[in-house]
Structure formats: C-alpha cells, structure tokens
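Each structure below is given as structure tokens.
Next, two complexes with subunit A in common: one pairs it with subunit B, the other with subunit C.
Presenting the complex of A and B:
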C-alpha cells in the first residue's frame, strides 16, 4: 500500500497499460511536452515517444473523431479532454460515432476507446468551466460512464476502461487531482459496474460518486457523532449501474439521499430516484431526497459560487429530513 | 479520354458503374412500393467516382463515406443482395437491418461505413490513417464527403491534423454542387473545394467526376503520393446527382435545363460510346453486361424481399462487446461462407517505430541532450 495522489494513480494506470499493450496511445491537448494540463501524463512522452503520446491542436471534435477512427481499426486510444466542458465540442464524435458504430454496423466494428479528463467545478472558474456533465453521456446507449472518487478506484477503473472493448467516458475531477489515498501496489484492475460500499450503517443510504463522495463522507462523520449511521454507497460507475447494490441498501435502511454535483433537472439522481421508487417503493419510509448543485449557471463571485454548490451541511440536513429528525 | 485501356479494365469499370446505376433504380422502385423507407439517398450520376477510385486503390485500403453510400460497397464487391436487404430493413442485411440505407458497412472489404451527420466521418478517416502509420502498414484511407461537408468544422480540423502529421488520406470531395437544396456557390466563400488545400499546405487536385478513366488515373496518382509518405491529398471530383437529395426531394431548386444538360455527360453511356468508337469493345459486349447486371440486381431484390425481418431480440445486441465475444462476418452469418476478416497485431506483438514529431524537436530541453561541459 502506498499513499499517492489521484494524478499519480492515473499516471500509473496509463503507464502500466501503455507498457502492457502497444495499441494504447494517449492523445490530447498538452499531454506530451507540457506533461498534461493537470500533470496526469507526466513523463509519458519520454517513455513512449511522440506517436504514443500525442499533442494535438485545439480541435476537440477533430481529435476525438481521430481516436474513434483509430479504435475502429484495432488501436486503443485514450483521448484526454482538457476538461469535459471542452468535450461538448466533441460530443458529435462521442455520441454519434463512438457510441453507435457497433450497432450501426450490426456488430462488425468495435470501438475500444477511453475519453477522459476533469469534470465538475474547479473553483472560481465561472459558468463555462464548472459543469458536471455526466448525465449527458449516461443518457446515450452505447457508452460506459465511470466516475470514481478515490485514487485506488481511479487507477483500477482506468486500467479496466482501457482494456474494455467499448467506448468509456471516464470522468475525473479537477479538485481531486491532488487528493491522496492508499493505492495497493502491483496490478490493480477493478471491474466496471460494481459500486463500492464505503461505509455501513442502517439508518439511511447515501448514494454518490466522484468528488461528492468526500462531502458525503464528511456528512456521514458528522451524522455519526449524532448517532445516525449511514450506508455510503459510492457508485464509481454510472453505466453500467449497480442497481442491485442500490436496491439492497435501500431495502436495508428504508431511506435514501442522493448526492450529485451536477444540476438537479434531468440529473443522474433523477434516474436513481426512478429506480428506487419503481423497484423498492414498498421499502421506503420517506420520500427519496436529492442534494444537487442548484439549477443555475455557475457564477464567479465566491458567495454566489458557494451558494450553488453541494456541501456537507446540506447533506446532513437531507439525511435528517428523511429520518424526520429536523430541528426547530 | 486517355488512350490504350485494356478491354477487361474498361468492361470491369462499365459493369461496376452499371451495377450501381441499376441497383439505385431498383431501390427507387422499391421505395415507391414502400419496401424501403426512411432516408434513401441515390448515387445516380456519380457512379464514375466510386468505381474509378476502387480501381485505383488496393483492397486493403480503407473506405469511409457519408450517407449516399450504397455505391461504394457495391464497387468494392459487396454482396448485392445483402446491401439491398439492408435497405429493406431485413435481418440478412450487412447490419442485420439496423443501419439501413445510410449506414452500409462491409468490413470484409474494408468499407468502414456510411455516416449520417454531414462531415462526421471526416475525422474518422484521420484515425484509420493514423492507425496505419502507427502500425507501419502500407495502407491508405479514402474519405468520401460531399461539397457541403467542406463547410463543416470537422473538415478543417481534420485536414489540419492530417497535413501536419502526413497521414495517408485521400480526402475525396464529390462536388455535386448542392448541399440538399442549397447550391454550394450560394453559401461558400470559396466554392471550389480543392482550392482550400492550400490553407493546409496540402496537395489539391480536381478531376472530372463523370469520366471514370480520369478518376482512375488521378486517384492512382494520389494514392501513390499518399503511400510514399508525402501526406494527404484533397481531391475534388466534379459531379452531379441526377435525382433529388433523397427520395423525398423533388429537386425544384434546379432547372430542368440544368439537369438535362448534365445528363448529357452521364458517365455510363459516355464510357460505352467511347469504348465502341475506339474499338476497345463492341456493343455486344455491353449488351451482355447489361443483361447480366439486370439479372444480378433482380436476384438481389428477390433475395431482399424474401428475407425475414430481424428478430426483436436483436434490439438488445450489438451495443456492447461482451468479454470473449467474436465479431461474426456478415457473409458468414447470412451465406454461410468463410471470409477473410481484418485482423490486427496484438499489443504484445506490435512495435511502434513511428515518431510523429522529429526526435530532435521532441528531445529539446531534456537533460541527456545537454552538451557536455
């Protein structure tokens, strides 16, 4: 076990998979000579050369599509988006080509590609650089969507994503790159799909993913001090979704709170509420609550930004609400 | 037209063009009968491009196209009945009826598909060419697109990368002068697409897209250019579609006179008339091909019409590759024959020797390059 930062865990995953499989290459803006805008690809150019670690022009649509084409004929591209906000420009290639080429060809082609990069808020970055866009990608059949929280999960799931024969949208978080955690030494490949029960309790189920795990964990600690114990379920993978783990936990605790960084309207949480109400209605002792980013464009001013964000206090309040333990 | 083409070549080109023409005519007929639905874009008038290109490149080269796509697969030797069955939405089609007219894939013949978003296929071609260079293969990509796609951002983004990285792609613009109902000249600052090559310091060429022999000669030259490592080519074939944009388009934006004038350059009678007058082949040769092609397409329509619809269970297949799943070649699935299916080296076998930027540039600033004191 070694304690390393997120960016180093991703760097290890990339280096190990590129070492293992010469069909894997990394392409994106600033990934090579700059060592990555967030230093995830540090040292990879020197190790693997300029055909396998490729600096691109600022042409997100173009290089995303180049990756899809290369994947269609047997390579395994890892396409780095400097942020998922910029990937909106590449969405045509991700959702029309990567996600559909196997189905449109009737199973003649496969598209083993990973699109990865930071998602969500970065801190005071205003409206165009602070979005959590996982719901957009989870909406499309044909894509897998991965959003881990800890460095160990990030490493194991990135390695599995690169080995997967299908297109994977791999969401990191700008505010997590420096966050450290224990990562087992040696080969670490985690299956895409299973959620991780990060904390056990019988009073309420807290469901989350990506960076919101840390807010949920903080809220769970505060609740524990008040004698409230939660199941903290970190989904890790949004698609495929671990429906069994969600339902098993809700059937145990009879209550659920969903924590999502992104907007409420048509968010991933809305889908989870639908799953719970349609499959476990009889187990619920309270309506499912959602804690999400507010449905507004993100502002630069600190007071406005923070007011729109999820924080542990809002999660604590939501858990107490479903337990009918509100104060006052 | 250029001299001294052997008879078998001329007849092969004629047969292929006429096969596409006849196929499209019968598709139009089936559309009228309600057997084909949705969007269906006919290639009638443009056959010399697909056929000339196919003669000039190798079977291992990749072909990637937009949605007016039946002709490219037919030119490459796809099973005619299975292409028609795809248009009919039958389980015996190349994509089991899941793709339809706009999405014809024949991977056995390196036809990597028809794409329905204008210009969306162009970056894919840079990717297949990138893969060929990455694996050090002698393999080029021909990327077809229409004139209107040259106004998409994907065109410019891709040409820039392809030129910078010397990717072996022939970007083949079939300029039929209209993007749906809008004349290229009405919406383009530079309507002559080949002229745009200069913006990316790339070779640009034009060819008469109604002259199959000129297309063949020009593409052969462009292919040699790409193979020799000189980078991509932007080739514009001037052509014309005699039908509307799709089956639902009456094409009222063009005058009758314009269409009539263009029909005089019809590539199929043009090749036939030239070959007879140059005594390369006889009317009897062509009559024989006419009859054979008609029978082939009749058979294809019969096959499609008699084929079953896909089973509803097929809805849930072909979305994700499951571990250990094998890709089943369509002709093996439908005709029960063994086919050569493209395979690529494993990541353990592959050695990547390509450097995308010069070594010296890449290593600037690295400590081991510092001159000893």
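Presenting the complex of A and C:
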C-alpha cells in the first residue's frame, strides 16, 4: 500500500496500460511536451515517445474524431479533454460516433476508447469552466460513465476503462488531482459497475460519486457524532449503475439522500430517485432527498460560488430531514 | 394572499365540530400556534390553532354553528387584504353547489350593446387554481383525519404485516405522517431513538393468533357479530375496603371505593395477563402495562379517561387523578390521548343505587368491569345469616380473545384483592 495522489494514480494506470498493450496511446491538448495541464501524463512522452503520447491542436471535435477512427480500426486511444467543459465541442463525435458505431455496424466495428479529463468545479473558474456534465453523457445509450472518488478507485477503474471494448467517459475532478489516498501496489483493475460501500450504518443511505464522496464522508462523520449512522454508497460508475447495491441499502435503511455536485434538474440523482421509488417504494419511510448544486450558473465571486455548491452542512440537514429529526 | 383556515380533525373520530367561541375577532393579528377558536368535538371542547401568521380577515362559521372537518371556517391573510368569500356556503359549509346562480336580474337590465364587463364567477370548485381568486386552499396543513391517512409506504407495509390499525396510530412526521417509528411504537418494538415518554413504559407485544384462537374468534363472531361478549358475576365483601377507607379518611387521604376497584382491576391484570390484551385484526396485542379506564357520565354521554399505570400508583394518586380527569371530562376538556388506549375499563353505577348490571366493552379493550352499589346484604357466614357490605361486579369479556375460565380467574383475583385490600397497599 502506498499513499499517492490522484494524478499519480492516473499516471500509473496510463503507464501500466501503455506498457501492457502497444495499441494504447494518449492524445490531447498539452499531454506530451507540457506533461499535461494537470500533470497526469508526467513523464509519459519521455517513456513512450511522440507516436504514443500525442499533442493536439485546440480542436476537441477534431481529435475526438481522430480517436474514434483509431478505435474503430483496432487501436485503444485515451483522449484527454483539458476539461469536460471543452468536451462539449466534441459531443458530436462522442455521442454520434463513439456511442453508436458498434450498434449501427451490427457489431462489425468496435470503439474501445476512453475520453477522460477533469469534471466539475475547480474553484473560481466561473460559469463556463465549472460544470458537472455526467448527466449529459449518462443519458446516451452506448457510453459507459465512470466517476471515481479515491486514487485507488481511479487507478483501478481507469485501467478497466482502457481495457473495455466500449467507449468510456471517465470523469476526474479538478479539485481531486492533489488528493492522496492509499493505492495497493501491483496490478489493480476494478470492474466497471460495482459501487463501493464506504461506510455502513442503518439509519440512512447516502449515495454519491466522484468528489462529493468527500463531502458525504464529512457529513457522515458529523452525523455519527450525533448517533446517526449511514450507509455511504460511492457509486464509482454511473453507467452501468449498481442498482442492486442501491436497492439493498435503501431496503435496509428505509431512507435515501443523494448527493450530486451538478444541477438538480434531470441530474443523475433524478434517475436514482426514479429507481428507488419504482423498485423500493414499500421500503421508503420518507421521500428521497437530493442535495445538489443550486440551479444557477457558477459565479466567479467566491461568496456566490460557495453559496451555490454542495457542502457537508446541507447533507447533514437532508439526512436529518429524512429521519424526521429536524432541528428546532 | 389570503388562505383558508379549515376545521382540523381534533380527535381521531371527529367528523364535524360545533364552533363554540371565536377567541379572535376579524381584524385581529394572529401568530402561528395561537388559539383562534374553541370547538366542540364528539369528545371534548378543544381549541383550533392558527397554522400561520397573519390577520384574521373573515370569519365564515359563526359561533354556535357546526362545520365539517376540512371545511373553511375563516380566512387568514395580510392586513387590509380583501377576501372574496365564495357564495353563501350551504348549511354546514360543505360541498358548494357546482354553479352559483347568476343574477338574472342584473344581466337583464344591461343594455344589449354593452359588453358584459364582469364574467360570471367561476364555480367554487375551481377556486384553488384560478389566479383571479384570492383564496388558496391550504389542505397540506390541516390534520389528516377526515381526509386521507398519511403514512409512509414502509409504515403502511409494516402495519399491514403486524396487523396494526394505522387509524389508531398517531403520526409524528410532517403533517402527521405516520412513519416507521410510529408503527414500531404501536407494535411495541423499541424505536431506537426519540421516545420521549418520561419513564419507560413497557410496550405491548404483538402476538399471532393461534389457529384454535382463530377458529374460536370466527365462531364467536358468527354467533355474536361485532365483539362477542360473555359475562361473569361475583359478589365482593367490601367490609375491609370500607374500613380501610375510613382509616384513610382519618389520615386525610381522599380515596373512593372506585379507586380501590381501579387499583384492584390493574393489579389483577398481573395475575392474569392473558386478559390484558386487545384484538387487532389477526393479531393480539399483549399489553405489559396496566392502564385502567374509568367511565365518566357527562352531560350528554359518557367518556372513559384512562389512568395509566394504575398498578404502579398509590390509591391516593389514583384518587386524585381520577377526580381531576372526571372533572375535566365534565368540562369536555380532555385531550384525545387521555381517553384512548387502556387495558380494561371500570364502569361504576353504584352511586345510582344500581345493584348489578352488565357493561358493553369499550373496544379495542377486551374486557370491562361493571360495578354495582355497595349495600347491606344478608349473606350466609359461618352457617349463619349475616349482614355485610356487599358489592356485585360483572365482568364482560371479548370471547374472541378471552375465555370464561380466564375471565373467572381475573374476577376471582379482583375479588380477592378487594376482600384483602392490604394487598392493594403493598
């Protein structure tokens, strides 16, 4: 076990998979000579050369399409988006080609490609650079969507994503790159799908993914001090979704709170609420609550940004709400 | 925006209420929680509280009139706000006629060329959604009774499985929603958190009916539909109780004969716990508490306030509580939780000179004691006639869950306790 930061865990995953399979290559803006905008690809150019670590022009649609084409003919590209906000420009390739080509070709073509990069707020990056876009990608059939929280999960799931024969949208979090955690030494490949029960308790189910896991964990700690114990379910993968784990936990605790960095309307949490109400209706003792970013564009002003984002206090309040234990 | 204040259900069985008195006048400022009116329900006179801050704009139901639960009784809003009162509410303020009658006279005199500026008022049923109207329905905030029962899906499932009647469960969630912990409390399972009863009272146990019991219950209900009663009578020698009462009086402790009976009825439940039950659908609630109801005659009916844990209370405490409850019962000032529940009821008509009678069980209890007067009677004693203070007690049992032999054991114990009242003091 070694304690390493997220960016290093991703770097290990990339290096290991590139060593393992000569078809794997990394492409994106500033991934090669600059070692990556967030230093995820540190040292990879030196190690693997410019044929496998490729700097691109600022043209997301272009290099996403290049990657899709390469995947269709047998390579395993990893396409780094400098942020997922920029990948909005590449939606056409991701959604119309990567996600559909296998089905539309009747299985004759495959698209084993990973699109990865930071998602969510970065701290005062303002409206255009702070979005959590997972709900957009989770919407489309044909895409897998991965959003881990810990360095170990990030490493194990990125390796599995690279090995997967389907297009994977791999969502990192800008604010997590420096976050450290224990990562087992040696080969670590985690299957895409299973959620991770990070805490066990019988009072309420807290469901979250990606960076919000840390807020949920802090909220769970505060709740524990008041004698409230939660199941903290870190989904890790949004598609495929670990429905069984969600339902088992809700059937145990009879209550659920979903924590999502992005906006409420049509968010991933809305889908989870639908799952719970349709499959575990008789287990519910309270309406499911959601804690999400407020329904406004992010402000550059720090005070306004903080006012709109999820924090542990809001999670604590939501858990108490479903437990009918409001203060006052 | 003015909101309706609707008549809430103030007791579990309340369907309508008579507006005894408005405690606030039109134009008065009210705050959330203020008592705004006093209402006579089927059981007691209770106060209606405001659910919002504002000004009492308009009173719809005058004092002395009856309104249905859920019917608007007043409007609350901001000072100076105008209220559009729906067309004169028909009697008892329910179900307004679907279309108010337009005023034909008024339209008739309008010259044909003048367009009608004022459309006829929309049917009252549309009030909630029509923006032109100032009335907003406020159903969320009234007590659930009289409308649909609010319970979480889990609570409903648990109640169904355990045979708990949700109608008898007090909800602790928002707007009285019955949630898991409420059903657990009703089922007698420990609710892990938030039980704020002062002293821990043993919760009833939920027992399944044995198949024999089920057959008995079925047969009995076929023969005697409803609660199939059976009756057992016994004469109790009350000399010792009266002597003890004299001593208590000398010590300036006020105790009535009935207080002795209440205590005996409670203590006897310990000896014969199988009568301390309640049939709930296909389950039996086995109580571990001894709560004794006392039937109190009031002006136009009767009510049975319950003395909780009568087994644990002294005769003096029972006496004081019984007097206080009876006094408030006569004023119709009892709270619903004070006259619900209980293991057994004592109905005493002794003060009316009744020698013996049989009483009707007060469901969901499974038994009742009908107590006659303490009177001089000639009885055989040691082979000789003797005049003794004697009292007749008749036990009625719910034959679906209690059998004759059990009832006899219980009655025997009541008799023994009263004939040796020192046991009531131990």
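Before moving on, here are some points about what is shown:
The rule is short, and it goes like this: the second predicted complex is superposed on the first by the 328 of 328 C-alpha atoms of A that agree within 3 Å, B and C clash if a C-alpha of one lies under 4 Å from a C-alpha of the other, contacts with A are read in each partner's own complex, and residues count from 1 in each chain.
The rule is simple: a residue touches a chain if its C-beta (ideal position, glycine included) is under 8 Å from a C-beta of that chain, and two chains touch if they have at least 3 such contacts.
Model, not experiment: these values are computed from the prediction.
After superposition onto subunit A, the partners subunit B and subunit C occupy separate space and fit alongside each other. In the superposed model, A:21 lies in contact with subunit B only, and not with subunit C.
Comparing subunit B with subunit C, more residues of subunit A are touched by B. In the superposed pair of complexes, A:107 makes contact with subunit B only, with no contact to subunit C. By the touch criterion defined above, A:49 reaches subunit B but does not reach subunit C. Look at A:196: by the touch rule set out above, it reaches neither subunit B nor subunit C. Judged by the touch definition given at the top, the superposed model places A:324 against subunit C, while subunit B stays out of reach. When the two structures are aligned on the shared chain, A:41 is found in touch with neither subunit B nor subunit C. Taking the C-alpha centre of subunit A as the vertex, the lines to the centres of subunit B and subunit C open to an angle of 130 degrees, rounded to the nearest 10. Using the contact criterion defined above for the overlaid structures, shared-chain residue A:289 touches neither subunit B nor subunit C, since it reaches no partner.
Smallest inter-chain Cα distance, subunit B versus subunit C, after superposition on the shared chain: 34 Å. Shared interface residues of subunit A (contacting subunit B in one complex, subunit C in the other): none.
The residues of subunit A lying in touch with subunit B in their complex are 20-25, 33, 45-46, 49-52, 54, 56-57, 59, 61-77, 92-93, 96-97, 101-110, 112, 141-142, 144, 165-166.
Touching subunit A in their complex are the following residues of subunit C: 152-157, 172-174, 179-181, 193-194.
The residues of subunit A lying in touch with subunit C in their complex are 227, 254, 281-286, 324-325.
By the touch rule above, subunit B contacts subunit A in their complex via residues 62, 64, 93-99, 103, 105-107, 112-113, 115-117, 120, 122-134, 153-154, 157-158, 160-161, 164, 317-321, 323, 325, 327-330, 342, 344-352, 354-357, 362, 366.
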